[in-house]
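Input: a single structure, listed below in structure tokens.
A, B, C and D are the chain letters, set down in written order, and residue numbers restart from 1 in every chain.
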């Protein structure tokens, strides 16, 4: 049982054309920037993976990370809650030119749909979005006099996430608010690839402090001193 | 912001006749035995709280804890997954004499119904119990060619749980497998009362290691060196 | 016009006065974040941010930001004692599950039945919704802070929202630059107004009937 | 009868041979727990228990139990390196969400369409279900270990279950005291049988037709 992979390149090698890809992080917090950039490099060299659907809360900022994926032309569709933000030109331009699809999902519904996929719950009811245009076409139901919208699980072929500690069994911890969507995405993808700042032996993480149990993680790759996406965005870095 | 309460007696004083009461723990692991016994003492002295509905995975063992509650005659109904076990005579006798109601729920469905209550999800679909007698009367639905049963959230008036560390904001950690249902029940009850082995000031628990954030907890009472229910059962202790 | 409308800071100050000691509070991105600055002496609210932090404090000094420690507006934050981290599903369990005492949001329009429109003004451009639709159906109390009218002078308090809805019948109190208005039984009920504005002037700036069911107090705020 | 049926330990041993290296495994309470003892050399399975532990090991020495560290059968356990704790909803997310590679359960009856009855034999007494109904619809592979017949000699492999169901069409392989039987396309397909039992004898002890779609291997196990 050793889920560690020695290179970033190997770790994302199986991500295929048309893959549905969950990418952890919220803004620059907990964003697996090295994994994303490795995937972009592969696309630039080989033309693959193309036509990827990306699931993330946002749609990238600046010229790095998801924004750079979009700019590079490898993203067919975004599923997110908040694509509109400062420095989101990469998405904006493609969207306004009708070159990228958008499925807009309320943030809590996005989180819960991902968790539902991980938990084997094909559908659930939420009050969120009832009576709004984001509920159009969705079944509704009344429970105890209140109205709810039925939402479906959201699965992915791959998830790429960023952890702090990772062990060879795939157990993960996260740094501060970098946790965000990462543990949920680990549950919801067929294959989960985690970059971690420190890769330790099994037993190197206190069992009570594991946030993502290894059963949800397939591959772990160590990236010591990872870059912080927010700083890259603020300094105008381009990938 | 100080959720600490100095005595066990005060901490359970508001639990009223007819209350729906979630009790954390799985067997003796994570069972808030001192809170339970304090509640029994109150019932014996005052006749209240009576007609309580108890939600727990089991229905008590031996002559302590939930079994002692049942034996004392304060429990109207059990909602649980596994009432049949060794030393479960207290429940068995009442059940076979038709003196206690039982709602039997598959274990994972029980956990998910409690979590759903805490998360504001009134209903969800699960494959569990489809085609069995435990699904009778429940709506079913087909998603992607598979059959699912609709389950409703499960709420409580009160939850009593056992933590390891607790701070004055109500943040909790748990000991080993004592975690089990405790964090879920904290989310699903109107009022949550936690006994903890060590009560610390706010800031005394690393924010990354909090398992139950204080928003889910109303009262914290310190019980140093709590008793372990399993040992009480094995030694034939009677409360 | 013989009155001076409240500044954003003063609106935020007024909203802050209604937050009780020990309340769990979510403040929308932007203007509502300002409410945190005006917690009354002796009261301690706990602030929640959707991305997974409870108990955060003010922004760190410039240059000492840790960009793994941010709020839903992606601004750097600090932690107070008793803070905790959790993932997004737990964070929205707090929201949707009714665990927050109050959410304070901005608005494009608020209808007299409590409908809120605050995420989109039309069908052009890039839409973005974030956590607003969850917050309006989760917090025990959903309040709005806003200028009383739009930049071009149109009412924001209306009979029926014309912009896309964020939520149906969810708002119960609106703090504006001119008044404090409750929503009860499908009506706007005026609670407080600037002493210098007349009822007629205020009604003229409001897109639906302002009702009263008792004395209307002066909306009185400090210089800020 | 010229054959000797397998002991429980031998049935458990046979089931253990099909568990791959690195597999995540849930073993039902009681007899199935025995499977853990017979992991083949060089393979490492990770055992899950519903109450919220992944990566547990054998029982501790008597007297050194920590009763906060137990499995779903409420037996004391120990941890292996790489273990983790989680709450019940996360634990059943692992189950229901298809993250376990295999679940091995006991049975009262197994029908040729994969239906399983293992929680209740009638309508009398105190019913108890536990996590069985979740496990049968969660794990990627659901296998049963059981004596081939009941204590009074009745078939456990049947056309249709007469006892209350645990799950519909969920079992894909049955390890019995006489044979290894797959369930495919609504049929029992015999894969292995004790060399000393004839097809006729085996069929006579089975409540539904045993099909073959190729050679039937010898069910061969060590002395245990």
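The working rule: a residue touches a chain if its C-beta (ideal position, glycine included) is under 8 Å from a C-beta of that chain, and two chains touch if they have at least 3 such contacts.
Please read these numbers as outputs of a predicted model, since none were measured by experiment.
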Third chains touching both chain C and chain B: A
Graph separation of chain A and chain C (steps between touching chains): 1
A-D compared against B-D, more contacting pairs: B-D
Chain A and chain D: spacing of chain centres that average the CA atoms, whole Å: 36
Chain C-chain D separation of Cα centroids, rounded to whole Å: 56
Inter-centroid spacing, chain D versus chain B (mean Cα positions, whole Å): 30
Multi-partner residues of chain B (each touching 2 or more other chains): 112, 115, 119-121, 126-127, 174-176, 207-208
Chain C, residues touching no fewer than two other chains: 85-86, 89, 92, 95-96, 137-138
Pairwise chain contacts, counting only pairs that touch as defined: A-B, A-C, A-D, B-C, B-D
Touching residues on chain C, where the partner in the complex is chain B: 21-22, 24, 44, 46, 48, 54-55, 79-86, 89-90, 92-100, 137-138
Residue ranges of chain A touching chain B (in the complex, touch as defined): 112, 116, 119-127, 141, 143-144, 146, 148, 152, 173-176, 207-209
Complex contacts: residues of chain C adjacent to chain A: 49-53, 66-70, 74, 85-89, 91-92, 95-96, 115, 125-134, 137-138, 164-168
Chain C contact footprint on chain B (complex, rising order): 1, 115, 117-121, 167-169, 171, 187, 201-203, 205, 207-208, 210, 213-216
Sites on chain A touched by chain C in the complex: 26-30, 57, 81-85, 88, 91-92, 95-96, 102, 104-112, 114-115, 126-134, 147, 174-184, 211, 228-231
